[in-house]
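Labels run A, B, C and D following the written order; every chain starts at residue 1.
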């Protein structure tokens, strides 16, 4: 009976600061013990609890795809007590990881369909994992057309910039990047994600939509998707809740009878409509 | 008590009729014998639920600070206030949490609340059918007979040492009995505790609070504890640990009681709310006596008092300062 | 405080108990008094850890209890003499608060020498050193404050 | 714990004394302390310390299995080492909890669902639960606040008990429920005779008597019929007088929510798990400041919906055993039974 609360040690291999405000960093981990590495099998959309001894734990989405061997990326914004101290960690420090927890995006449902990804701000982490998973050469064939609409408040706030530019050039997917307000060097599209989505108007025919972003973006994106004809059971949201145990016991992350850490974080709009609107 | 109840009900009906108050806060019969429960009366037909007896123990002014902002502007709240409740209410006005015109105070001169534990000591299975009370006695009618208790010695400690049974500030006053305010006699229990040895005092403090399960009922029942974010719930920084280890529990109680210095009116709501029967009054009452003796100040007597720790005087005594000869 | 004097006192620490004392010094008077004591080489025990605060009025009883909870054996709060306060009335308000805090902590059973208050002006370097000396001896006699420190009473750790 | 054919035998007063004495030798025994203060349960050293009390004990037995504070592991921040050795228990003797009422026994059965059956097994809970045997006493004199019948429990419910004892006037009927219960009885080596029909009748009568004393507040059909309406307006009115303290959740035998926090002294520290309550503001406060349950109305609604609606979908069981502790200890006498009745009548 191993104690589910003991974190697995992992070394920080690389830290990249993602935005100009320097409060979003991506950490690249490698497990110290190999059996942890082999045991950590996850799918895009899942999350893990990052544990700093002496400060606590925080639930963060896994930003890398299982296909990126040798990399385990977590993108963390400095907001709370634990994330503040995580941002003080340097390369070579060891922190703890517990997980993987929660369910992944519905890869089987997405099989053989078009996929529309709508992301906003720094919530693009698990969506990046899904994109990398789908772009992987022997996975790409399983999915039809891939459209990504990703936006942030300002050009500086865009994360994974290098990969965004590469995806824009690649023919495997059509990438739309927007910012709420550009600056003088910004040549691409400007405008809120929901309005950009409306202009592009991807067909909802045989398409699954994955949405993840700040609550205000979701509030305005859902009506657009409905207008485009997406049925609730083919729109998927990844929710954020205060979590402590991650294994459905500490009782705090429930929406109705569903626990976000065990039955989520990915829910279809159909499921969410049945649950009480308390999230 | 029936006269008082009918007077109370007619008053409230009048107030509700000519829209003087939005709604009225009083007491209704609880679901358990010997218990009452706060009740919020809006419509006329609910007014019949209002009661008055020697078990109306909750301090209703604890609801005011969170309730009034939610009401439409200009609605007045009627509140039934015993002597101590009205002092808590006035203290809230002094601390600018409440405006006098938002509240219509229906004062009731109180003859002391009965401590239920002293009545239910030896019921051994008997079910309470009915309760009667008069000036000297409280009579319990059980299915296994009758039990009489003298009123004076089954009062709560805070009611035994009550200094202001009649509200000092009110709009309407219902007289229950002649109770002139007495001067603050230092509570004999506190005086006795002071004589004890230092170590014994600490051990009593530790033993008394070792039962605390940190449910925070003492804080949530106290009208003075209205902070939006209590120090006990701050996470940046977290002042003390979450375990029920004795040092965490003592930290919480020490600081909470210190926050009552010059504000506590000794209504006893914290002692009544505690499920573990911790006698917090042994510590909170000390500050009440200290403040009276040192600064001759009693909180909550008039809305235009100034707050004890909000003012100073140049000739405050400072005998406790370190002096070097 | 010269560096080597620190070495000397910490050397004989292993023999006798050396109390840890936190001193909240008001920036305008007491801290300047402490500075004067140091500049003029007045010797006083190195047990105090000085925390500079804008005024003695800034001290919330929460900080005093937090210091004792974190394992400190004594707390001193020192400010300007009444009347000299840079903020005119900071120490007057503080005086009322300290009177009640001191009486309450004493009443509850914490030795009264553990939490002390004093007025030290910027010119009283000598007096500051004497106060610290007196304070440290008193607390050294009392021994460590073990009954309130975090982790001292482990009721919570049931297996 | 499979349930073989239960064996019933009769014990007279002296047999019962002997039975207890033998139990105390072989096992470490805990029973309700009977005082009205926490911890509410105590270790029984001698026969005289065990006494039967009316109705459920002051504090539930939850905190024997799920202590208010529990060390998950210790660590040293300097060396980043984790020490998870939770130290062997004081002695590997079997622990026997005796004197529980059926409602507390059922509460432990519900906690088993959370910590053993649903997700990954909780190591700490499982370790204690596996070495504990439960002897519950049928309830002969329920309190005015008891309503176990209305939520599917009863004065003679077995639930998680290994052995149920019916205390009659001058004798006891011992009924073993599980295999472990039977072993427990056999280990004491008492050879007891069967139960005469006359004694069975006496037991029936005692149980029916205590059933009549139980207040019929609402029937379980009431609950099923009236699925609690999340958007209903009565929630605001019901929760108006709630003070938002944590008494009802800490005293409830089935409330199991906990918080995980690190405590550090110098470079050494420990990660602890301590009770938490959905009635507290920090329970669901996000780091961004958003709180899905900002006011007491949402929190009270969550507490009641979880126990009566959500738990039906998660575990197929109601998470209330009708012990009445939340009714007794509420400072404003906010009675859960009246709340349920009002909701059931669709007020």
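The rule is short, and it goes like this: a contact is a pair of C-beta atoms (placed from the backbone, for glycine too) under 8 Å apart; a residue touches a chain by one contact, two chains touch by 3 or more.
Model, not experiment: these values are computed from the prediction.
With every chain reduced to the mean of its CA atoms, the largest distance from subunit D is reached by C. When chain centres are taken as C-alpha averages, the shortest distance to the whole-protein C-alpha average belongs to D.
Separating the centre of subunit C from that of subunit D, both taken as means of CA atoms, is a distance of 49 Å.
The distance from the centre of subunit B to the centre of subunit C, with each centre set as the mean of the Cα atoms, comes to 36 Å. Mean C-alpha positions place subunit A and subunit D at a centre distance of 40 Å.
Averaging Cα coordinates per chain places subunit B and subunit D 33 Å apart. Taken residue by residue, subunit B touches two or more other chains at 235, 238, 241, 243-245, whereas all remaining positions touch fewer. Among all residues of subunit C, those that touch two or more other chains are 150-151, 156-157. Shared contact sites, meaning residues of subunit D that touch two or more other chains, fall at 68-69, 259, 261, 263, 272, 274. Touching subunit C in their complex are the following residues of subunit B: 193-194, 198-206, 210, 231, 239-241, 243-248, 250-251, 254-255, 257-259, 261-262, 283, 286-287, 290-291, 294-295, 308-309, 312-314, 316-318, 320-322, 324. Of all residues in subunit C, those touching subunit D in their complex are 71, 150-151, 156-159.
If you check the complex, the residues on subunit A that touch subunit D are 1-7, 9, 53-58, 79-80, 83, 94, 96, 215, 240-242, 244-245, 247-254, 256-257, 262, 276, 278-279.
Across the interface of their complex, subunit C is touched by residues 67-71, 86-87, 89-90, 263, 265, 272, 274 of subunit D. Put simply, subunit D touches subunit A in their complex at residues 72-73, 75, 77, 80, 82, 84, 114-115, 118-123, 126-127, 230, 256-262, 264, 269, 271, 273, 276, 278, 283-288, 290, 292-293, 298, 302, 305-306, 309-314.
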